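There are two complexes below, and they share chain A, which is joined by chain B in the first and by chain C in the second.
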Partner chain A sequence: MKTISMQKNILLFGFLLIPVLLLLMFVLYPLIELVRISFTDWNGMAAQQVYIGFDNYIKMFTDSSDVWLSLRNNGIYFIFHLIMIPLELAIAVLLDSKIRASKFFKSIIFMPYIINGVAISYIFAFFYSPINGGLNGILEALGLESLIQNWLTNDSIVNISLVFVSIWRFSGFHVILFLAGLQSIPQDQFESAKIDGANSIQNFWYIIVPGIKKVLEVILFLNIVGALQVFDIPYIMTQGGPGHASSTFTLYTLETAFKFNSFGMASAMGITMLILIIILNGVQNRLFNLKGVGEE
Partner chain B sequence: MTTNRLANPIKKFALYLILLMICMIIFIPLLITLFASFKTSMQIGSEFALKLPESFNFNNYKVVLEKGKFLQGLGNSLFLIAVSVIINSLLGTMTAYAINRFDFRLKKIILGLFLAGMIMPGMITEISRFTIIKNLGLYNSIWAPIVIYAATNLVQLYIYTQFINGIPKELDESAMLDGSSYFKVFTKMIFPLLLPATATLAIIKAVDVMNDMYIPYLYMPSSTLRTLTTTLMYFSSSKFGSWDYLSAAIILVMLPTLVIYLIFSKYIFKGIVAGAVKG
Partner chain C sequence: MYNVRPRITRVLSMIMISALMIPLVSGCTKGETATNKGQSTQPDTQQEQKEEKKDPVTLKFPIWSTITEDLFTKLDLVNEYKKEHPNVTIELELLKDTEYENTMKIRNAANELPDILPLKSAWLINFKDNIVPLDDLDAAKNNIFAADFKVDDHIYGVPESQFNEFVWYHKSIFKEYGIEIPQTWGEFVAAAKTIKDGGKYIPIAMGGKDGWPNYPFNEFMPSLVANDGDYWSTMATKDEPFTKGEAFYDAYVKIQELYDAKVMGPDPLGVGFDQSKLMFGSNQAAMIALGQWFGSDLKSMTDVDMNDIGAFLLPVRNSVDDPFNTISMVDTFFSIPKSSKYPDEAKEFINWFFSDAWYSKYMTEAQLQSTMKDVKIDLGTMFDGAFDVSNLNYVLNKGGNEDYKKIETAIKFDVKKMGQDMMAGKDFNKMMQDMNKSWKNARSK
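Entry: the complex of A and B
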């Protein structure tokens, strides 16, 4: 037996050494470093790092309107994606009904999620382009010239333009998740509901909604994390401009670090985001359970 | 399958109309770019964006391939994918085997580490990871992204766990009685039985690596190390970044993932849904 237990220890050591080392070096240590650097004035290069207590955090909350502007923009992504959720569920219900070519539609609807995000950003930069851009061309062809805009340079609509790209890219993914949830509902529930004379609205509230509760929670969580971390669409399409009008929290944080070399400040923002994610997710779970949408 | 009664032909018509409209919204921006990739700069400036190109003129693609170094980018991306996927699959299966088949003291802590990895906001981590990569001497080398991509994440571990739990423990034990070592049990039995899960996870990893922008952009600024995605970023700001050439470049960069998607869509659906819902 001794050899077996030794064999076990050797195997565990050999199999787990590299994965654990990678986690320690590239996950845990960076997390600790992020906290530490957030209390310094480090510029990313200097050998010297002066500890300045909560100065970065205080400065962030009192002296940096662009951070708040950026965070507000994240809020816009969050709200619009939230509004889309019922629509996404409706589309999933449509796809789940017995229609021809549902597989075909499913593949198409999911496709944007697979396409390269940078490519998507350029495609829409072209689409919105004020000179020979597709969108203005289509509006002109439809006789809607009055709606023609500078979609990416007008600071009152630039965020809406970018949010549309985000919806175009991620909604299909949500639809597919809802569809998976719907298909996990046992068929006999609908059959017994039919016998009991339930109508489709009752079906929806008493069978579908509880059946997809888990998926809905996942999508809401992904929405929080996703909206707080929006980066590549505004980074490629507008660089956060005009000014900081379409900046987002992640974009602004990374700019602070790698463009303005304020690693201390950027780390404080990073930690703030981590805390925000944890708090918002907690609040959402609370709300969700209060509403008591179905019991498991 | 939910059976909605679709006896009513008007209802049915409305349903297809909605789905077709969604498809149009998805396809219009893509088609505009595809058409533009066959047009000259003059045509793009004067024609309606959805007008079919007069001919399939591959001149833009030729210029892009000659000037844009997209083949080099593709090569780098494929290298990154191959190495990351191989290491990631090995580490993932090994970790899953060790964690699911054995009890040991540090198990909870290791799982906690994986959890920490999952809640860390992706790109923000690079602020402090940047220094580590630099100090390790990996900056501006193709190994910088690899050490990041290769690490197993919690979702992968979860999917492997589902599979391993489906393999009866008695199989391990009888193999052990026949004189196999734990290592042999893993290589001869567990690893092969996990291959379906590995295939799904590998395809998803490949798509992720192919589409990732920020890690290669941050850690590999050297012009010879550009991936397909970062090549597109540099190309757009070069003197060839006008819409005729850029459209062709966009289509070229989209193609590899679309091909992967068309061939493996079944695996991709399965893996992504399982990963999101269970993760």
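Entry: the complex of A and C
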């Protein structure tokens, strides 16, 4: 018996040791390093790293207007995606009901999400292009020349153009998540509601919404993370330009580290992003008072 | 029967644990090689093996340009060198030009820099702690420019080529509108406007979306107006270099005049470099301002009638009586990282690269000017007449000293982004005032 319990322990220890070690090595250690570097003035190359306390954090928010501009741009992504959520839910409800060729529509809607993000960015860069670009071509064909714009170079609309690409890409994914949530709601709830004489609005409000709260929570979290970390679309389509007009926080962090050799500052920005995500997620959860079914 | 199950469990668990341990252990060894400055067991054993086999050496040599790669392949660099040094293999690695600097920084952090490290002049300061001084190298002694780019009084890199900045143009379009080669900035802007008024062609192709293609204007013109190749360092000694009367400001007023004339097509910021190149190549645009290197790009493009292409130096002066300042660029500094396991072989290679036998052949093919004292390169007919201007004066471009780098980092000074802002029509005076403020602020720290 003793040997069996010992074997059990060895087995447990063996199985746990490796993932824990890997976790420590590749997750915890880099994180601690990141925090440490954020308190130094390291330029990424010098052997010497001078500790400068919270200087990087203070400088980030007081000394550079571009940080705020980048954060504002992140905010634009966040708000537009947030506005899209009810619409995505509506599409999911529609697809969940028995409409003709719903499978076909499901695939079409999900398609953008599985296409490579870089490819999407390139496609839309050509779509918006001022020379032989698709969008301006369509407007011209429709006789709407007055609406033709410099979609990616006009300060005031460049972010909207980029947000549109982001929505195009991620909405399908959200719809599929909502669909999965909808399908997990037991059918008997709808049946009993029908017996009780509930109309479709009541169905939606009292059965569907509580039923998909968990999914909603995930989508809201993904929205925050996605909006704060949006990178490939602006990086490829505008490189944050013109000037810094469409720069995002991640893009700016990258620029800080590699173009201007401020690895210390860039690390501080990475940590700040982490904290921002945690705070915003907390606020959002409290605001929406999200609790799933059966969780009181 | 009773004992079978635990035994199976034991055997199975042993197998699984060892299977899981193998990648972990091998992962650890790799980690060590990266951090222990190459002193772990793995490279040593490799080295020992190599010594047994009459010292075969592999020198890693990254490059950032496809043009260079094509030339090295065409002239067979690897085998040419092997003929004289049978034990040395040159391992070329092509990296994307925009990612090259980042890649090297990351490799530096992992102590994995190559044996021969080509750098741009501005990066010498950044890498100075990680590369060896080359003051005693023959190639450095015979180089015309190496000493001009000393850092802390040491030569850290031997520059490969020297080239000038040109405005490339279609001779036929200039003929069509009866335009002479411009000799002053005013004539240059006027020429562009004439072509614009014709309505047939875009006067100047500009890949503004990529940022960097505005460098002939936004990066080099302050130096040209100041007649000071090290203007960035000079700027670092001033509190408010963005004030009227200062070279930077005066140059940028000129640039703004050009951008405001809308001679770069309907939306220069919506066009990337590749697109602008095609626009010029396919006769949609009359001019494009780029360095001498663009010549090989043009040659590689099909459908381009090279007889129709000419080049002139960008005129920045106000009148023909002023000196004609033009930028002279020195590029691709060969350096040797401290972490190289074969510094002697790397030095030997650099000396060979700059020896007459290889160097003149290579530079003639690349159509760039020599940096070596005794080597003259024949540039062919493409630049005929380009240098026939009155009062020609070369301004040797430098990347700025450490004081400048500090300010650049502190305020994220980026002239190419400024160029984009100017094309987008940002308020010029406000931009200059803001720059003055942050520049002064950064200097005071």
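Keep in mind that, in the parts below, the second predicted complex is superposed on the first by the 267 of 296 C-alpha atoms of A that agree within 3 Å, B and C clash if a C-alpha of one lies under 4 Å from a C-alpha of the other, contacts with A are read in each partner's own complex, and residues count from 1 in each chain.
Going forward, a contact is a pair of C-beta atoms (placed from the backbone, for glycine too) under 8 Å apart; a residue touches a chain by one contact, two chains touch by 3 or more.
Predicted model, so just to flag it, every value in this text is computed and none were measured.
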Based on the superposed arrangement, let me know which partner A:T153 touches: chain B (first), chain C (second), both, or neither? second
Between chain B (first) and chain C (second), which does A:K214 come into contact with in this model arrangement: first, second, both, or neither? first
Just chain B (first), just chain C (second), both, or neither: which does A:P130 touch? second
On the A-aligned overlay, A:F105 touches which partner chain: chain B = first, chain C = second, or both, or neither? first
Name the contact category of A:Q7: first (chain B only), second (chain C only), both, or neither. both
I'd like to know which partner A:P186 touches here: chain B for first, chain C for second, both or neither. neither
Touching partner for A:H244 - first (chain B), second (chain C), both, neither: second
By the touch definition at the top of the document, which applies to A:F260: first (chain B), second (chain C), both, or neither? second
Give one of first, second, both or neither to describe whether A:L22 is in contact with chain B, with chain C, with both, or with none. both
In chain A, both chain B and chain C touch residues 7, 11, 15, 18, 22, 25, 44, 129, 131, 133, 258
Which positions of chain C touch chain A when the two form their complex? 6, 9-10, 13, 16-17, 20-21, 24, 27, 31, 101-102, 105, 108-109, 126-127, 129-130, 208-211, 265-267, 269-271, 275, 279, 408-409, 412, 414, 417-418, 420-421, 423-424, 426
Touching residues on chain A, where the partner in the complex is chain B: 7-8, 11-12, 15-16, 18-20, 22-31, 33-34, 37, 44, 91, 93-99, 105-119, 122-124, 126-127, 129, 131-134, 137-138, 141, 168, 172-173, 176-177, 180-183, 185, 187, 190, 200, 208, 214-215, 218, 222, 225, 228-229, 231-232, 236, 250, 253-254, 257-258, 263, 266-267, 269-270, 273-274, 277-278
Using the touch definition up top, name the residues of chain A that touch chain C in the complex. 3-4, 7, 10-11, 14-15, 18, 21-22, 25, 43-47, 64, 66, 128-131, 133, 150-155, 238-239, 241-245, 255-256, 258-262
Note which residues of chain B are touching chain A in the complex, please. 1-4, 6, 12, 15-16, 18-19, 22-23, 25-30, 32-33, 36, 44-46, 48-50, 91, 94-95, 97-98, 102, 104, 110, 113-114, 116-117, 119-132, 147-148, 150-152, 181-183, 186, 207, 210-211, 213-214, 218, 228-229, 232-233, 236, 243, 246-247, 250, 253-254, 257-258, 260-261, 265, 268-269, 272-273, 276-277
